[in-house]
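What follows is a pair of complexes built around chain A, which joins chain B in one and chain C in the other.
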Partner chain A sequence: MKHRILVACGCGAASSTFVAIRVAEALAERGIDVVATQCNLSDVASNLEGIDLILTTAKLEESFNVPSFLGVPFLTGIGTDQLLDQIVDVLMKK
Partner chain B sequence: MVVVEYIRDALGNTVVLPIVIFLLGLILGIGWKKALHSAMMVGIGFIALSLTINLMMDKLGPASFDMIERTGLTQFKALDLGFAPAAGIALGTVVGASVIPFVFVLNLIMLLTRMTKTLNVDIWNYWHYALSGSMVYFITGGNFWAGILAAMTHAIYSLLIADWTAPRIQKFFDLPGVSIPHGWATSSVPLIMGLNWIYDRIPGIRDIDIDMEGLKKKIGIFGEPYIIGAIMGIVIGIAAGWNFGEVTKLAMTLAAAMYLFPRMVAILIEGLSALSKGGQEFFKKTLKGREAYVGLDSALLMGYSGTVIAGVVLIPITILIAVILPGNTTLPFGDLAWIAFFIPMCAPLMKGNMFRTLVSGVIIVAMVLLISSVFAPAITSFGAEAGYVIPGEATGFQYITGMSAGNLVSLILYKIADLGAVVSTGITFLISLGIAAFVGFKRVRSERAMETQA
Partner chain C sequence: MTPIIVKTNIIAKDAYDAIRQLATQLYSLSLVTESFIEAVCQREKIYPTGLPFEGMGIAIPHTDPEHVIKNCFAIGKLSKPTNFHEMGNPENKIPVELIILMGINNKEEHLPYMKCILENMSSKSFIYAVRACEDSTGLKTLFGKCLSEDEGLINFE
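Here is the complex of A and B:
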């Protein structure tokens, strides 16, 4: 079953692309299939249809029904394993 | 030099950069399949970008011509196409394409010698260094080495500034381990620090701040790039005297272009992603636990809503400045939706004071417009080589440019190169390397002192 992750960044293209690729690869290595869609930080509210988890490259000021995490570790390479554990936890519960 | 020219002429810009990426990928050990994928994505990304530019210019060109004729605003000789075409052009010259491997290797050397703590994996934004390199290449009449030296000087400067601003950035945005060596953002740091110093010394001004929350609710969807594109289309269409059908078609076309540009850039970034990961891995093995920052895109700084809102407020202000500023020949358009990218360093360096950010924003925009006007002829000439549509006499604009190319560091390097080509750029490069070496030397000493104490 494919999970859907929303990746949001400052301009809808640059950082979110990196994070989307890395998270999809990392989760595939753990046997989890995901589809990542990208959007602008300000568009998160309008893109939540069918989304299991949100990853952002900057702190989200609003909170939504969907669990969200800061995706910066995927950019810096630091702390990715802990973050992945948390993501896997959330996705497995769905 | 002959070899370099042959490669450029025989293969064209859209092939050279992918080849460079492929080779760099192999060297970094990411494997030939990933290297090939990266190279193809970069090449495809460039073509996608070119498509979008042509789409936009197809309608915008004639509209601008008519608008300028009707309104008599003939001081506008250069059309700002925005960061995506500017980057494509900067990376598309022979110097530009070579900048990526040169700067990357320079960064690794500087990291190993502790001249910098930042590993700049934001390869897309090497385009700002490529811009300096390409502008110098232009003004020296095609001197490849002067261009490369200029690009590397810009990179050294950016890395040093990144290290210096890192603690403040990490604290303000809660981004541990991150620094911002972004070629444009770093160029604004001295100016912002200088302005902040001045504000602190003016009684009355130094205490003012503005509340952004109220503004945020009113702005809402108007901050969307595609809406801004549509609005600009309507404004330009009406000013051009076009009929309702034509105006709406123009508005939709521009909305589409604004929406598509970042997505085309995303294709290019996908290509660069494997490379930057390869660089990070390569690096982890050699650094062995010494502290390093990961250098990232200033897009991360958009997480502070004050900056984003100020960016939107500055849009109409930018247009006004463009009209009244003497010496400005640039009609702002492509980068209007992204004015926020010219002020991201204001918030962390001015403790989030939005009043100061807005005032500084006005000054910064004026500077950017003037510089992008200066660079317009060079950009247009390289654009022609890269195969982009040139809005010649048929469209009323003599030149194309990008506000993102309005980079103060690039301008300084450009002027230096004008004085003495390789000699003056070489000296500048050596001076900046010297400064970096001094910083590195002190850092090595203090790190060793800490190690012996531990």
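Here is the complex of A and C:
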């Protein structure tokens, strides 16, 4: 069963693409299949259909029913393991 | 071929001054529009891009594709660490020594470069090498090595 992650950044370009690829790769290594889609931060609310988890590279001002995390560790490589543990936790509960 | 400008010993009064200096270089080479310069600064204010890599703070300022004529980069080493706000944690400031200003017009084309740069920045030895660069020749060599493997020649302006 494929989980779906939404990656949002300030202008839908560089950082969210990179994070989307990285998180999908890292989760695949842990045997978890995900589809990562991207959008602008301002469009998160309208893209939540079927989404299990949100990753952002900027602070999310609103809170949604879907758990959200900062995806910056996927850019710096620092704290990735802890973040992945948290993500796996959330996905496995679904 | 993605044009990459390299500049060292940048003297700037703050993050935005540093960004403007690099952005103006890209504009003078007609790689970006004039609106790019302020657009990057504005975006940096709302969505900061300071990243605390282990051993060195870097920043990856960028803006919307409408201001970019051709995919390009301007890599700038600051003469002294300058505070940028942290990506995802805007109240926090990061002392930044290296700016990777990105002109993104085509995401697919841009991604391999960004990937290579970010992967290299995760390596302590790469960071030491960057810090040791005293002029743009050294910086060109470092980044040229990591970027031109499969890409052919990259034109340093």
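As a working rule, the second predicted complex is superposed on the first by the 94 of 94 C-alpha atoms of A that agree within 3 Å, B and C clash if a C-alpha of one lies under 4 Å from a C-alpha of the other, contacts with A are read in each partner's own complex, and residues count from 1 in each chain.
One rule holds in what follows: a contact is a pair of C-beta atoms (placed from the backbone, for glycine too) under 8 Å apart; a residue touches a chain by one contact, two chains touch by 3 or more.
All figures in this text were calculated on a predicted structure; none of them were measured in a lab.
Novice: Following superposition onto chain A, is the placement of chain B relative to chain C best described as a clash or a fit?
Specialist: clash
Novice: Considering only the touch criterion stated at the top, classify A:6 as touching first (chain B), second (chain C), both, or neither.
Specialist: The answer is neither, since A:6 touches no partner chain.
Novice: Counting only touches as set out at the top, which of chain B and chain C does A:36 meet: first, second, both, neither?
Specialist: Touch partners of A:36: none, neither chain B nor chain C.
Novice: Output check: A:51 vs chain B and chain C. Expected answer is one of first, second, both, neither. What do you get?
Specialist: neither
Novice: Applying the document's definition of touching, compare chain B and chain C: which contacts more of chain A?
Specialist: So, of the two partners, B touches more residues of chain A.
Novice: Should A:72 be classified as contacting the first partner (chain B), the second (chain C), both, or neither?
Specialist: In the superposition, A:72 contacts both chain B and chain C.
Novice: Please work out whether A:83 is in contact with chain B alone, chain C alone, both, or neither, and reply first, second, both or neither.
Specialist: Neither partner.
Novice: Identify the partner contact of A:61: answer first if only chain B is touched, second if only chain C is, both if each is, neither if none is.
Specialist: Only chain B is touched by A:61; chain C is not.
Novice: Touching A:23 in the superposition: chain B (first), chain C (second), both, neither?
Specialist: neither
Novice: Superposing on chain A puts chain B and chain C in one frame; which of 63-71, 207-215, 225-233 or 297-305 is the clashing stretch?
Specialist: The segment of chain B occupying space taken by chain C is 297-305.
Novice: With the touch criterion stated at the top, can you tell me which chain A residues are shared between the chain B interface and the chain C interface?
Specialist: Shared contact residues on chain A (touching chain B in one complex, chain C in the other): 9-11, 13-15, 17-18, 21, 41, 56-59, 72, 75-78.
Novice: What residues of chain C sit close enough to touch chain A in their complex?
Specialist: For this pair, the touching residues of chain C are 43, 46-47, 49, 51-54, 60, 62-65, 87-90, 102, 104, 107, 110-111, 114-115, 118, 121-122.
Novice: Touching chain C in the complex: which residues of chain A?
Specialist: 9-11, 13-15, 17-18, 21, 41, 56-59, 70-72, 75-78
Novice: Sort out for me which residues of chain A touch chain B in the complex.
Specialist: 9-18, 21-22, 38, 40-43, 56-59, 61, 72, 75-78
Novice: Note which residues of chain B are touching chain A in the complex, please.
Specialist: Touching chain A from chain B are residues 121, 124, 173-178, 223-224, 262-263, 265-266, 269-270, 273, 276-277, 280, 284, 294, 296-297, 299-305, 308, 338, 341.
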